[in-house]
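Both complexes below contain chain A, partnered by chain B and then by chain C.
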Partner chain A sequence: MSTQTADTLLSFEEALERFDPAMGLEVHVELNTVTKMFCGCSTEFGAEPNTQTCPTCLGLPGSLPVVNGKAVESAIRIGLALNCEIAEWCRFARKNYFYPDMPKNFQTSQYDEPIAFDGWTEVTLLDGEGAGETFRVEIERAHMEEDTGKSLHVGTSGRIHGADYSLVDYNRAGIPLIEIVTRPITGAREKAPAVARAYVAHLRDLLLGLGVSDVRMEQGSLRCDVNLSLAPRVSAGSTTDVPLGTRTETKNVNSLRSVERAARYEISRQAAILVEGGSVLQETRHWHEDTGITTSGREKSDAEDYRYFPEPDLVPVAPSRAWVEELRATLPEPPREHRARLQALWGFADLEMRDVVAAGAIPVIEATVAAGTTPQAARKWWLSDLARRANEQGVDLSDLPITPEQVARVQALVDEGALNDKLARQVIDGVVAGEGDPDAVVAARGLAIVSDEGALGDAVDRAIEANPDVAAKIRDGKVAAAGALIGVVMKDMRGQADAGRVRELIIEKLS
Partner chain B sequence: MPEISRDEVAHLATLARIELSDAELDHLAPQLSVILESIASIAEVAAADIPPTSHAVPLTNVFRADEPRPGLTAEQALSGAPEAEQQRFAVPRILGDEQ
Partner chain C sequence: MSAADLLRRSAAELADALASGETTSVELTRASLDRIADVDGAVHAFLHVDAEGALAQAAASDARRAAGAPASALDGVPIAVKDVLATEGLPTTCGSRILEGWVPPYDATVVARLRAAGLPILGKTNMDEFAMGSSTEHSAYGPTHNPWDLDRIPGGSGGGSAAAVASFEAPLALGTDTGGSIRQPGAVTGTVGVKPTYGGVSRYGLVAMANSLDQVGPVTRTVLDSALLHEVIGGHDPLDSTSIDQPLPDLVAAARLGASGDMSGVRIGVIRELGGEGYQAGVQQRFDEAVRLLVAAGAEVVEVSCPSFVHALAAYYLIMPSEASSNLARFDAMRYGLRVIPEGVENPSAEEVMRATRDAGFGDEVKRRIILGTYALSSGYYDAYYGQAQKVRTLISRDFEAAFAQADVLVSPTAPTTAFRIGEKLDDPVAMYLNDIATIPANLAGVPGLSLPAGLAPEDGLPVGFQVLAPALADERLYRVGAALESLLEKEWGGPLLDRAPALEGARR
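Presenting the complex of A and B:
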């Protein structure tokens, strides 16, 4: 049964005084191949329901799967980027279960022979306490499998429990998935939730750099399950091995922020049970984004006896060492090195770079700089107005309806003196509102700076005339008073003037 | 000698969503034991020099190019569905009996 009753929680701080969290993170990433894992159906996101299926991904009798070579290539490259060994020989396996999201009644996955195993990666904490600290995360395995269909639960609650019936769309069934599993992450203590978040952010950057996935958490192409358990805290320096506690698995945590929140919540919830002498139930839990809590899902029971066996319809995958080395040579610079190189290139201070990284702005700034903008100007636009918009809309910077090239064009107009910052912001407003390219917005909204010296001079004259007291002060040498007149002129010109030029004119006329 | 118990058969039946009566369980458990036993006899001839295999053909790396192929229309896909709604397969409520 779904238990919506409020859990008893121990404060995070108290929980950490008494317990050490151990986490295992399972990340599912949808590959960006054009076709599915085992058939030639399109993988395009957002198509009408059940328009991207065939006998193979519908599990119809007589159909036979064939492996997508590009997906294997991506899997190997992901494994290599995570410093994994690549299997010399491995098989697919059937994971048998009855659940209508898989029409075949099994999911083709890998079991004890993953394509990649025994890897590691390093994660750097970005914000909050311990920023800059590096954690090594051991990767147990990365294996190939296929995504499931999408169920729509019809009924009162909209969730699985209490649904009257379900409607299934199999467009997603069979899309290549790579599941990346960490070994238990221990010793992070109070930083555990931040490490979980940083790890997923790091994977996202890494996968983006590899070009193997869209890694859009909001579209579900990157999903994280958080396994978490608590063990009694051992004193610093103790070498006693404390066994891991009973874990829960919180499913489908679909934003970086939620990864951190879900880990924090489970630490507080489990600690409250343990201090009362209770025991944590090994179960799947559901994360609720709106309320920030987890609730009990299916209990792990014999219904999850998957009876894996080698897939008889697919032959083994045996990547030659030559192929593996060929793919290794295609790996991009790892994100950390990439960041360090860009920081040096752009001349950003550590704090500036940290903000850039935290905002996920590296790719857009890179593209804006490539389009001819200085790094500082590119940083200014993306981290101020645009970051605020992205934040308000809950989307990534790259999802905003403005391109790096358009931002570069706005800055170019500023550099040419055709726009000031205030007007530039309005141009960006216009582009984001879908009014077209920066030049089109400037023309349509009439936003260009008035460079007509005559009109500007008239406005300055009017301002002086209307404010004789201020004018007198400036004549007496109190140049600081010019600010008040600049304001009047700018208002008169509806902001469409170069404030620097206005100041020059005022001083000229009053000296 | 491998033997499959009546409880194990009941468990498998649950996993496979097959409803079996007590009489059927009594009948099937010994039969499945005989089948397992027969298959296990392969182990007797499989000496150490015969590698275990899961495939009849000694092939590896059969891959397909990542090129889309036309599939079914939604109408075709749904044509075999007992029930459909909103261009989706309608299925009985999931986890209705708390699996």
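Presenting the complex of A and C:
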């Protein structure tokens, strides 16, 4: 649409006083298989448009699909990690609709026979009110399907309407996707948006742990659709069943923060409509990262009919129970046990661990520790400086342009005495600013501590000469006064000195 | 040896002639190309002839043979390919405007196997648009004419392949059979056609009409030739998930065994529901005579009943259009094929271009089936139509199972009538659909079927087809019984039935 009329919003607090939200979350995960779902093409991200295609993923007449066994394996492992039943026999189905980025004008997906179904998982709220609280989310199903191509609308607006022309890149067409669908999440009330975010964060960690996906939200390898509806709030203890209201489906919400914001926005928007006596339109809505609002997409009425039917070009998938059990044995430990084990291993206090969990910092701290840093040092970097930066930039820790390995290298330089804390922060600044690896930043910015005893001695001598009163106090045994001289020396050395060594030199010279 | 003599020989005989050095592939291929030049103006079996490519492949074949390393028994024997099979570098239109000019960047697996076996590809044969029809009148490029009577249809959808073989333009051809598109043209042109067991021949590169029914198969003049060709194209293909991962039975040996004419110990089931009322008198007569010949040769004959077959046509006309409506969605002008810009629309959207292209690019029969299939799959109708049809399919399979418990093979007339006149049934789709009534059950159940000539109907002097059906994976039985009947009939006739077809030289263009 060319114009976006601003929605009337009810404040979040007021909306929650009058309504209870129900949410359904649909997460699409691109698997990290080497080849596509139904052909042998590469799935590598970022290649030249239309270079990773073949007759099958281009849907050329006569071409046929062949199921990627590795994708089925990943789907089963995801299903198992989400405590799902694994189908003994299931089929693919065609979802028929026309769109230029769909080579066959049907998507090969699964319909009423998903590979995994009837599961559950537990998520822990990250921050804000209720942090650390646990919610159980019921999983309706996880099914396999293929991704579509990607349309690029060329023109002034960048959107399909008003574009001069459109280009389609089919490299993405046929990349294996797993769609994970929750049952409606009710009863979370004002925490609903936080639950949504925590759920997606939890899935991301879980998928990362399984090693089945890159789960990079900014590259679209993990995408979330937020279904949300409101029902009139029932008083506590009431046993009356209130039917779910009309839902909207907000598409492709591509960061954890946006999942939370989109849910909040829809609660406020729908509440404003309902209090005026209006009715919510069942429709697809688009999330706008920049403005933080959703806008109407196509109306989703009963008229939308995908004419699903079993894919006749593929044979049923019938994973043997033995294979399923074999795959179950490959699962990493569940997140809750994983957390408990790490806490004991790292020696973190309960409160420290809670902060780590709330910041979603477990995977980065784990990786940093794995790269040789002590747990406390790793926690210090990720939860102070880096958490602040992530917050400022509105991104997740793992999306910061610094890797756990780089953080570990900075800490190693500190441990070696090559950097002090202050310099280390500057190195982190440089890495985040894209100046290269820690060692490159140290070299380029000239940040290494001066360990040249001669230069350091000269600086100490200058400080003593310039501050005879202080020097006299130290000579008289008031060693605590050394701090003032250390400050002078550090300033003289532009911070690039080891304060401990400076202290030693001062005492040496004045005793 | 004269060219005319070469043209009339079977593929097996040509293979022998090549092996003995009596002829060369270039000579054979040139003879076929000359014949096409002579008579195809009247027959119109071909949509595209690749003289240059075929001769180059023939020369390569001769070189292999000279080096003592032929690629297969049929190396050097030319072949025609139905235009529904993807051929790298050769146009593939499926008889539709919407694919006019499309040249696939890849070969269908069966085409790749032909090339690997050294068969020069003469060109692509005419067909009903996207294989939808029983007369080849629904080709966007004009109908094919039956060599027995140019005013009559050659059957369909593979009328081009059958007519090419019947008019001696090619010794061999490939067809595809979704509801009878190999067997019914075989019946009405006096040729042999085989629909293999579903999954027995790769569908990779076959532009699908109805994926769960389609099968590629041989179109030839003799049963042995079909067996030889079947062995070239058949067998497992990892690119087709529905392809059966099992070695083919020894089809050629079965055909050679059958040619002795001895049928003792073979139980033949005559399907009560496929015959009698609705079948042309001369068709029924030739069928009954053929059964008596088999009995005389030692076969035991039983009558079997397949009560669900009466629902086969209805089930077929729900399943086939459902699958087709989805398969044909890809023809949208976005990536390949025809693109029509709607007139009088400023800056048309992709959707408007799709609509205009599909409107202009598809013929009426294709549109009819897309509409039928879209309707049958719609929510609220799915269970009543598609779902119900699948149940009928199960019943038909059970009928086959019960019948095959009583008989080794089942037999029936291939088609209820001989070739009808061009135009006769164009305005009556249901009458046209009824022509496939005896061939459709095999597709619904996935069992193999063969049609061979049973003689000429006394009332119109046109060929009658005799159908043999076997259990899934028992294709060799088709060849055993087919070859036996062929040899028994040819003994009666004093030669092949096609010897009695009119000469086409100098036929009107």
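Assume the second predicted complex is superposed on the first by the 410 of 511 C-alpha atoms of A that agree within 3 Å, B and C clash if a C-alpha of one lies under 4 Å from a C-alpha of the other, contacts with A are read in each partner's own complex, and residues count from 1 in each chain.
Assume a contact is a pair of C-beta atoms (placed from the backbone, for glycine too) under 8 Å apart; a residue touches a chain by one contact, two chains touch by 3 or more.
Keep in mind it's a predicted model, so treat the numbers as computed, not measured.
> Between chain B and chain C, whom does A:P312 touch in the aligned arrangement: first, second, both, or neither?
Touch partners of A:P312: chain B and chain C.
> Looking at the overlay, what does A:S63 touch: chain B (first), chain C (second), both, or neither?
second
> In the overlay, answer first, second, both or neither for which of chain B and chain C A:P100 touches.
Touch partners of A:P100: chain B and chain C.
> After superposing on the shared chain, does chain C or chain B touch more chain A residues?
Of chain B and chain C, more residues of chain A lie in contact with B.
> Touching A:P55, do we find chain B (first), chain C (second), both, or neither?
A:P55: touches chain B and chain C.
> Answer with first, second, both or neither: which of chain B and chain C does A:G394 touch in the superposed model?
In the superposition, A:G394 touches no partner, neither chain B nor chain C.
> For A:V168, decide between first (touching chain B), second (touching chain C), both and neither.
In the superposition, A:V168 contacts both chain B and chain C.
> Of the residues on chain A, which ones does chain B touch that chain C also touches?
55, 58, 60, 66-67, 96, 98, 100, 103, 166, 168, 305, 307, 309, 312, 314-315
> Which of the residues in chain A come into contact with chain B in the complex?
For this pair, the touching residues of chain A are 1, 33-35, 39-42, 48-55, 57-58, 60, 66-72, 89, 91, 96, 98-100, 103, 151-155, 160-161, 163-170, 298, 301-303, 305, 307, 309-310, 312, 314-319.
> Can you check the complex and tell me which residues of chain B touch chain A?
So the residues of chain B in touch with chain A come to 11, 14-17, 54-55, 57, 59-69, 71-74, 77-78, 80, 85-95, 98-99.
> Within the complex, which stretch of chain A touches chain C?
Going through chain A, the ones touching chain C are 55, 58-67, 94, 96, 98, 100, 103-106, 166, 168, 305, 307-309, 312-315.
> Within their complex, state which residues of chain C touch chain A.
85-86, 92, 94, 99, 102, 104-106, 108, 203-208, 210-212, 238-242, 322-323, 325-326, 329-332, 334-336, 350-351, 354, 374, 377-379, 382, 386
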